[in-house]
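Each of the next two complexes has subunit A plus one more chain, namely subunit B in the first and subunit C in the second.
Presenting the complex of A and B:
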């Protein structure tokens, strides 16, 4: 319990630091947002001094930085993400419809990659130095060297050229139109999962190799347990700990991957929204999306920490 | 054979003739090559890449920026009628030669990777050592800052930085430094914490060495192994991030030849684009990352004995 409290206490200042970092990044580097809006992206818009002062007042950028930061965080605490500079709509309205696609992609890809990678890594470790092990190691090593945009492009290109399949436009949620949804997410999910499973399989393999050398495995074998029982119940259960530890990083990597996959497969998710926001120089929107990703990753880390205490009593009582 | 001043031959303990005369670096390299053959393959890929980058102006059949309106999407092997030059690997949507752009694109990948890893990992390592040495509040603050930066998915933070700072080679390097610095600080700090408790640090302090001397002469050299491992492990990663940013259109400016940028056109037009425009840059970037990863893995196995058991 104390461990969980400790984690929770650490979580809050880091979220605050993240907001400071995002705020500074978006306010200090780009310069005056009001000037940017009036001048347009090409810098040709005409305006007078009065417009500039007025716009600064509406945007609130005429106030000192700490007041702006305070207002922003106060809004965040009340669930207000602010207004998009470009669309002039509440950011919540922009992000809301994009959220399900990205989360679905990331979660499904995580699921598929774990389902494929854990048996692969475990088999590779159990049959160490066999042909299967070498094959699996070569496959995963090559896999981590192929960037995700390469895999994605090759998959789409082959689908388009060979099967005349095009990435469907728009997005239907799983609960509204399950069939359309599956058609939309299958290939992006598989591509993402292929990317991630190499990392998971490698972690699984090295975790299993370590566990298989432990005394309790020898004990389990010497008391005459069937090998399958030893592997599944004794070894894999213990090897799960390091796999779960890295799963928060997996999620971070997958979320980064969704940006590229969404662009390639034309999925209207958070990633494409972020890319559009960057093109439109919509700083408030970029700020909100970047913060969103960081909060998701930090929360995943927290969940993993809590899960860990539940799975490993040594930490709970330490 | 060495001779003393009086002319008597000195018998040096030379068991195997020739071995002792080798340079220590060469000996280290041959040992590494014998134990890590895959690392050597990685090294060869990396060295060929360096050679290609240096020889790019000589090897490129075309100016990588030259547009040939009549040869848009030219097939590999097409001949340019006026000069008789060949588009060995075809041409892109503007009729620019793929081979020349690949060769010059290697320059972007390699330069970005080496500079960002060189600066980012080195600064991070120094920060990690200082953080470990100071301990207390300094360490706590530095570690929380590291946590903060590492909370962002890498590519998203890089995108945000390049988005606000503007798409340019310099800003891509800047973004990569921001990504690599905290991770490197974390990795090297772990080693520095152990080194700090070593007897030789205590001995140095007892002889009256000041903090600078302890950090620079005792801690830095003893933290070299994780530093080198982390640096080589991230060379390939830097290539991927640069290519991903250029692919997304926020990295290097579109006219500058870069592998990621070459692929970005295929991300927009699937039908018109000919297969080789997907294939060649894909192979180039994957092969480079593969080579870097092989080298990184081999160096980790050679320098970090703790990991060896788990990997082999």
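Presenting the complex of A and C:
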């Protein structure tokens, strides 16, 4: 418990740093939300200077930066994410309906990638330098090399080209319309999982190769244990630590991947919301989403830290 | 023909034509001919099919929901089906203006007063009656001084005020008799909004607060993705709309958009995000399933300087750059041969030069060498010998469509033909527009898609006191003619004035370097049917967007 509390305390300055970085970053990049509201994202709207000044005042973007930052952080401390600058709606209301789609995609992709990557990596290690190992290494290397948006576009292209099929438009949640939801998330999930499994498989392979050379594996074999028990109970369990370490990082990568994948497959999740918010320079919304991602990633790291202590009790006493 | 729609349309046409003819405005408005054409239409459509869910592709998600605050097609595409206008362009004959809320209208005082008679039994979604008070309130709101009115503000030069005469009659006072007024009034931004809601302080710029009267009601909104509308069961036009549900979806990625179309998920595309090359390929791939409909040119694009700044105060310099611009190369590079030559007025339109005429003129003719020499001579006369003495110029280029590519090509032409150095400064669209509006630029590139084909829109916006005269060019002689033509109700006389205006631009001075005229397109499923048969593209992208006039044939 003390260990967890210690980790939690460490996260406070990290969160603060994230708030400062995202706040400043948005103010540094060119663009003005008032301008975008008046001119439209396509720049077609007409307005005069007075309109612009008035709107900046209404939005509060004309105030000094430290005042804007202070107001935002004060709101956060009171559990208020604020209001979208562009649409003037509560941010909670904007993010709420988007969360299930992104979490569903990220969690499913994580599950699929682990289920496929760990056996693939383990087999590759066990059958080192075999045809299977070469095949798996080529597959994973290619997977790591191909950017996720390319994979996404290729999947869309192939679905239409080969099957004249595109996922149904208009996202449906799993509990509303399970069949539609399944059709909508299957291919984005597989694309994301492909993006992630290669990395996890390579980590699993190298961790397994290391463990398989350990004395205790040799001992287990010499005791006459069947190979499956050696691999699953002795080798894989001891190789799990680096795999779990990367899985927290995987979640961060997957959340990043959802941004582009949601856009390609038209899934209305947090990723598309973030992209739209960036296009509209919706500062408050961008800040809230990035902060949310940061909290999710930190929480995943915390879970991993706790798992460490369970898998390797020595960590608790270190 | 569908009975309800036909009877309603017939009634409107007769009265409209008679009234317009009676006031002597028919020729200038072009409504007489348009009405006759409409009257002789023989709809080829079979019986309409009710029900179904159609998806229309839009290039962007609406930034605003208040129709009077709307500035672009993304807004009207989503908002138009929710409200009504007083008049609208006829979906079955897109150049004709017919009544929407108006059953008919009278033009009085030599065109200075319009009296609109409204349909009875029109209801807002909240059950309140839509009356003349709402209409008068909305018109006065459109021209309200000091408020941002990106498109509806087009009415400001024409409309003095509006008032309700009784529950179903509205009188509109004009500043001067104008052949363009009714056409502007029929554009899809000119929506009637509920007076009782707006006056109660409800922000109709939030979609949740919308109380409309239109053929569709709001069903749901997914920010950045789609707007789903459902049929208004109490719509005052019996038998309309045909669709049960309509989704206006935003897909910004071309590949995804093309894939969704190929899989039959989208029944109609509005302009963007697909380019000409994309739709031509899709048309080929989807032959027999989709048809590509082209609109006449409606969007002119140009390079321009800030003529209030040196060295551009001397318009000989911009003329030199215009002469050195290779229009033919631009034509070859963009638009798959579909775009027209850049010209002051829309080429081949009733008031613009014909393409054949343009091709004989300096700046357009071939070979180019002669014009390049003339350009150098002009620059020399202006004190820039060699032309590089102009120094490095900066071309502010909004990142929109293919403008960055076009800007690069032009900069290369100027380097090649005159030895000029032009730096292309890329900015996002709104930043670019802000720079143009504030005069904070050296050279710029942008364009304007007009709302109606009437020259009062394009010429006023670009060369007159309109909002798009970014070069800040003021030529008294030109402005005098602009005013004259705007008030001229005789179409031939008006055309004569406009031809003189274009001649001035082509031969004396023009602050722009027109680079091309774009034409938009609609890729439409062959399942889409209207009362007039297959889909008919409207005259401009800002019209006929209520989507109440078409249905989906069952496949």
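The rule is simple: the second predicted complex is superposed on the first by the 273 of 318 C-alpha atoms of A that agree within 3 Å, B and C clash if a C-alpha of one lies under 4 Å from a C-alpha of the other, contacts with A are read in each partner's own complex, and residues count from 1 in each chain.
Assume a residue touches a chain if its C-beta (ideal position, glycine included) is under 8 Å from a C-beta of that chain, and two chains touch if they have at least 3 such contacts.
Just so you know, these numbers come straight off a predicted model, no measurement behind them.
K.L.:
Applying the document's definition of touch, where does A:35 land relative to subunit B and subunit C: first, second, both, or neither?
P.N.:
second
K.L.:
Regarding the shared-chain residue A:225, is it in contact with subunit B (first), subunit C (second), both, or neither?
P.N.:
Neither partner.
K.L.:
When the two structures are overlaid on chain A, which partner does A:51 contact: first (subunit B), second (subunit C), both, or neither?
P.N.:
The second partner, subunit C, only.
K.L.:
Figure out whether A:86 sits in contact with subunit B (first) or subunit C (second), or with both, or with neither.
P.N.:
A:86 sits against subunit C, while subunit B stays out of touch.
K.L.:
So, does A:210 touch the first partner subunit B, the second partner subunit C, both, or neither?
P.N.:
A:210: touches subunit B, not subunit C.
K.L.:
When the two structures are overlaid on chain A, which partner does A:94 contact: first (subunit B), second (subunit C), both, or neither?
P.N.:
second
K.L.:
Thinking of the overlay built on chain A, is A:160 touched by subunit B (first), by subunit C (second), by both, or by neither?
P.N.:
both
K.L.:
With both complexes overlaid on chain A, does A:112 touch subunit B (first), subunit C (second), both or neither?
P.N.:
So A:112 meets neither subunit B nor subunit C here.
K.L.:
With the two structures laid over each other on chain A, which partner does A:273 touch: subunit B (first), subunit C (second), both, or neither?
P.N.:
second
K.L.:
Shared contact residues on subunit A, subunit B side and subunit C side combined as an intersection?
P.N.:
Common to the two interfaces on subunit A: residues 30, 153, 156-157, 160, 166, 263-264, 275.
K.L.:
So in the complex, which bits of subunit A are touching subunit C?
P.N.:
Touch residues, subunit A against subunit C: 30-32, 35-52, 86-89, 94, 97, 153, 156-157, 159-160, 164-166, 168-171, 263-266, 268, 272-273, 275-276, 280.
K.L.:
Show which residues of subunit A lie in contact with subunit B when the two form their complex.
P.N.:
13-14, 17-18, 21-22, 25-26, 29-30, 141-142, 144-150, 153-154, 156-157, 160-161, 166, 206, 209-210, 252-253, 255-257, 259-260, 263-264, 274-275, 278, 281, 283, 286, 290, 293-294, 297-298, 301
K.L.:
Residues of subunit C touching subunit A in their complex?
P.N.:
Listed in rising order, the residues are 55, 59-61, 63-64, 71-72, 74-75, 146, 148, 150, 153, 203, 205-206, 222-226, 228, 247, 249, 251-253, 255-256, 259-260, 262-266, 398, 400, 427-434, 437-438, 446, 449, 467-468.
K.L.:
So in the complex, the part of subunit B that touches subunit A is made up of which residues?
P.N.:
144-145, 147-149, 151-157, 159-161, 163-165, 236, 240, 243-244, 247-250, 260, 263, 266-267, 270-271, 273, 275, 278, 282, 285-286, 289-290, 293-294, 297, 309-311
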